[in-house]
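A single structure is presented below for examination.
Order as written gives the chain letters A, B, C, D, E and F; numbering starts at 1 within each chain.
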Amino acid sequence: MKKKIAFVIKSLPYNRETSRLGLTHAIASQSVDVYLDEGDMIEPVVCFIGDGVLNCLKDQQCMKHYNNTSMETHIKNALLVDLQVYICKEDIERFGLTKDDIVTDAQEIGADKIAEIVPFDKIQGIMEEVDHLQFF
Amino acid sequence: MKKKIAFVIKSLPYNRETSRLGLTHAIASQSVDVYLDEGDMIEPVVCFIGDGVLNCLKDQQCMKHYNNTSMETHIKNALLVDLQVYICKEDIERFGLTKDDIVTDAQEIGADKIAEIVPFDKIQGIMEEVDHLQFF
Amino acid sequence: MKIISFLSHYRHGADILERIKTTKLGIVFVGNGIYHVGVSENGKPSPLLDKKDVSFYALIDDIETRGFKIEGIDKRVKPVSYEDLVDLIFNEYEKVIWL
Amino acid sequence: MKIISFLSHYRHGADILERIKTTKLGIVFVGNGIYHVGVSENGKPSPLLDKKDVSFYALIDDIETRGFKIEGIDKRVKPVSYEDLVDLIFNEYEKVIWL
Amino acid sequence: MGKLTIGTFASLVGSYAMDFAVKLSEAAINKGHEVDLWLSGNATMLSKKGQKSFQDYSYHLKTIEGLSSTGRFNIATCDACSEARGYHKDDTISCCKRNTMDWYLASCFTADRVLMIGGD
Amino acid sequence: MGKLTIGTFASLVGSYAMDFAVKLSEAAINKGHEVDLWLSGNATMLSKKGQKSFQDYSYHLKTIEGLSSTGRFNIATCDACSEARGYHKDDTISCCKRNTMDWYLASCFTADRVLMIGGD
């Protein structure tokens, strides 16, 4: 059996652990098999909406200044393990950002997966379709 | 020598430790003498402004439900040790509250001091006059 | 989609509820979300309470913790206990979110 | 009263600055306050930057941490280092607050 | 009867979100449901041994032990989040497991309802 | 040269307010000033022995030890706030004192500048 879980990240990065924990919990789905029966699986979907899309800015230099993994790197790690990542188009536009400002791939670390910038309606559809919904 | 310190509480109670720590730090001024030279002293002033005035509502039942001291009780303790407490009149009114809704005395535990509801201008004056200003 | 949503802040968190489409929506005021039902600002109750087709609840423990009386909160809102919340979560809604 | 004020949030904290009267006011954007100088929302820069007679600063480490370039931030704002902040605190202002 | 999985990363003191998580767990257990409670981030503070009960601070140890004794309540804390804060295995209250985050996801798999309670 | 007193109750991880407090202290010390750093509330987490350094988490132990060695940096943590969280005296990093809140007020008395950094 497959269960779908959406990790919806609506919080700004960096003044809480919130958005980072959203991603690390989603990524943990990659090793959940040890706890599940043969054939059972969890399919995580990560969605960035509202202020949460600011987690997806390129060139975050958190490691340089604070010796911490940036949210950019966490998103790349999520793509590397083939997580489905959606970023809300309307919110990107509201902040005057374009696709070029946003992390959508992690080819340099060998990830095939691409983060998709999609209308909120698509994210609404995902929220309806999943078994469990978690907001971060 | 006397140094005046204002503890300005602008945060709502209960979803952070913020406002409680403002009061407990102010109350700690009562035992600071051990660290100071003879004749030196700290005079604390506590001011509630903005959303912070909601710390001053009467009948907070935090002990009944969460087994924690309420902000109401902390304010009474501050009055008991003769701290000067000011509450912003404009903010009280903005929330549709009156003097009757607000903790202004702690006679039942033997406090002589009264918390005063004052215009913001008065609090502005205190902020100007003190040596150090701390926001909570 | 039947969602029960916990709102634990007064000054933020509610905007997302304007965007999600639901077939059934419950909003539970908990923590400092209680100020939405306890105070009016500049004479106006929280605009959140004008939202149509929503069931509003407020946690009794958190109402009283903040110095409000159960009978004093906005009439559109139903006071509930932790026990009531368990029933709402399991019986009335399918997805549960915390804002 | 000469106040240097650190603003560490994007969505709240700034309202208090509208009320305090100062003879000299510095606002330092730190932490998530950086979004005030890094992004425009609906095409408009943060209204906070329209405040008159204020010196605006933004912490370089926090600008870059969030993915912005120093040369890309609003022109009314001076990028500063932690070392600069120490000098501002001791030499330019008398009282220091964190919002 | 159903199973409720609660995740939280709220700190022990201050936000009352942890108090909410514990009281909701208690109410669900009392109604006969199963509850899994997952602690990550600052919520790992709840798993720290040796907390003292003061009236200014939330204190849940006795409640949690009581819930565990029903056999229908599991509590686990994130191992890495704990280590980063200096809480080692031998410093964890006895009713609380230490696991990686996939424990929580597995718990979600079998849960009827999931509530992730955000930070402070 | 002056004296800066910094108080904070931000938690170790997540808000970066603690990182700010430590980096500001470091910059002030490097410029020849004195700094007192006071930890209360969740900020007492900084004083906990045995924290591990991971890339996802803030880690300041080495910096603090270096600052202390200058003789111009004092760091103290709130005793009651620590006990409530289960951090006992023998679990406190060696460069950090444990005091009641009046230590902080006394530090403010002799400070040229005071900055109280709020919670997370």
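Before moving on, here are some points about what is shown:
Basically, a residue touches a chain if its C-beta (ideal position, glycine included) is under 8 Å from a C-beta of that chain, and two chains touch if they have at least 3 such contacts.
These numbers come from a predicted model, not from an experiment.
Chains that count as touching both chain A and chain C, per the definition above, are D, E. Centroid distances from chain A, each centroid being the mean of CA atoms, peak for B. The most distant chain from chain D, with centres taken as the mean of CA atoms, is E.
Interface comparison, B-F versus B-E: the pair with the greater number of contacting C-beta pairs is B-F.
Centroids built from CA atoms put chain D at 28 Å from chain B. Chain centres here are Cα means. That of chain C falls 35 Å from that of chain D. Annotation: 38 Å between the Cα-based centres of chain D and chain E. Shared interface positions of chain B, i.e. residues touching 2 or more other chains, are given as 14-18, 24, 66, 132-135.
In chain D, the residues touching two or more other chains are 8, 11, 31, 61-62, 65, 96-99.
For chain E, residues that reach two or more other chains under the stated contact definition are 13-17, 41-42, 56-57, 59, 114, 116, 118-120.
The touch graph of these protein chains has some other shape, matching none of line, ring, star or complete.
Chain pairs that touch, as defined above: A-C, A-D, A-E, A-F, B-C, B-D, B-E, B-F, C-D, C-E, D-F, E-F.
Residues 6, 8, 30-31, 61-62, 65, 81-83, 85-87, 89-90, 94, 96-99 of chain C touch chain E in their complex. Contact residues of chain B toward chain F in the complex are 3, 5, 11, 16-18, 21, 24-25, 28-32, 34-36, 40, 42, 44, 132-136.
Chain C meets chain B in the complex at residues 8-11, 31-32, 35, 39-43, 61-62, 64-69. Across the complex, chain D is touched by residues 10, 49-50, 120, 124, 127-128, 132-135 of chain B.
Chain F contributes residues 11-14, 41-42, 45, 48-52, 54, 56-57, 59, 80, 83-88, 91, 119-120 to its touches with chain E in the complex.
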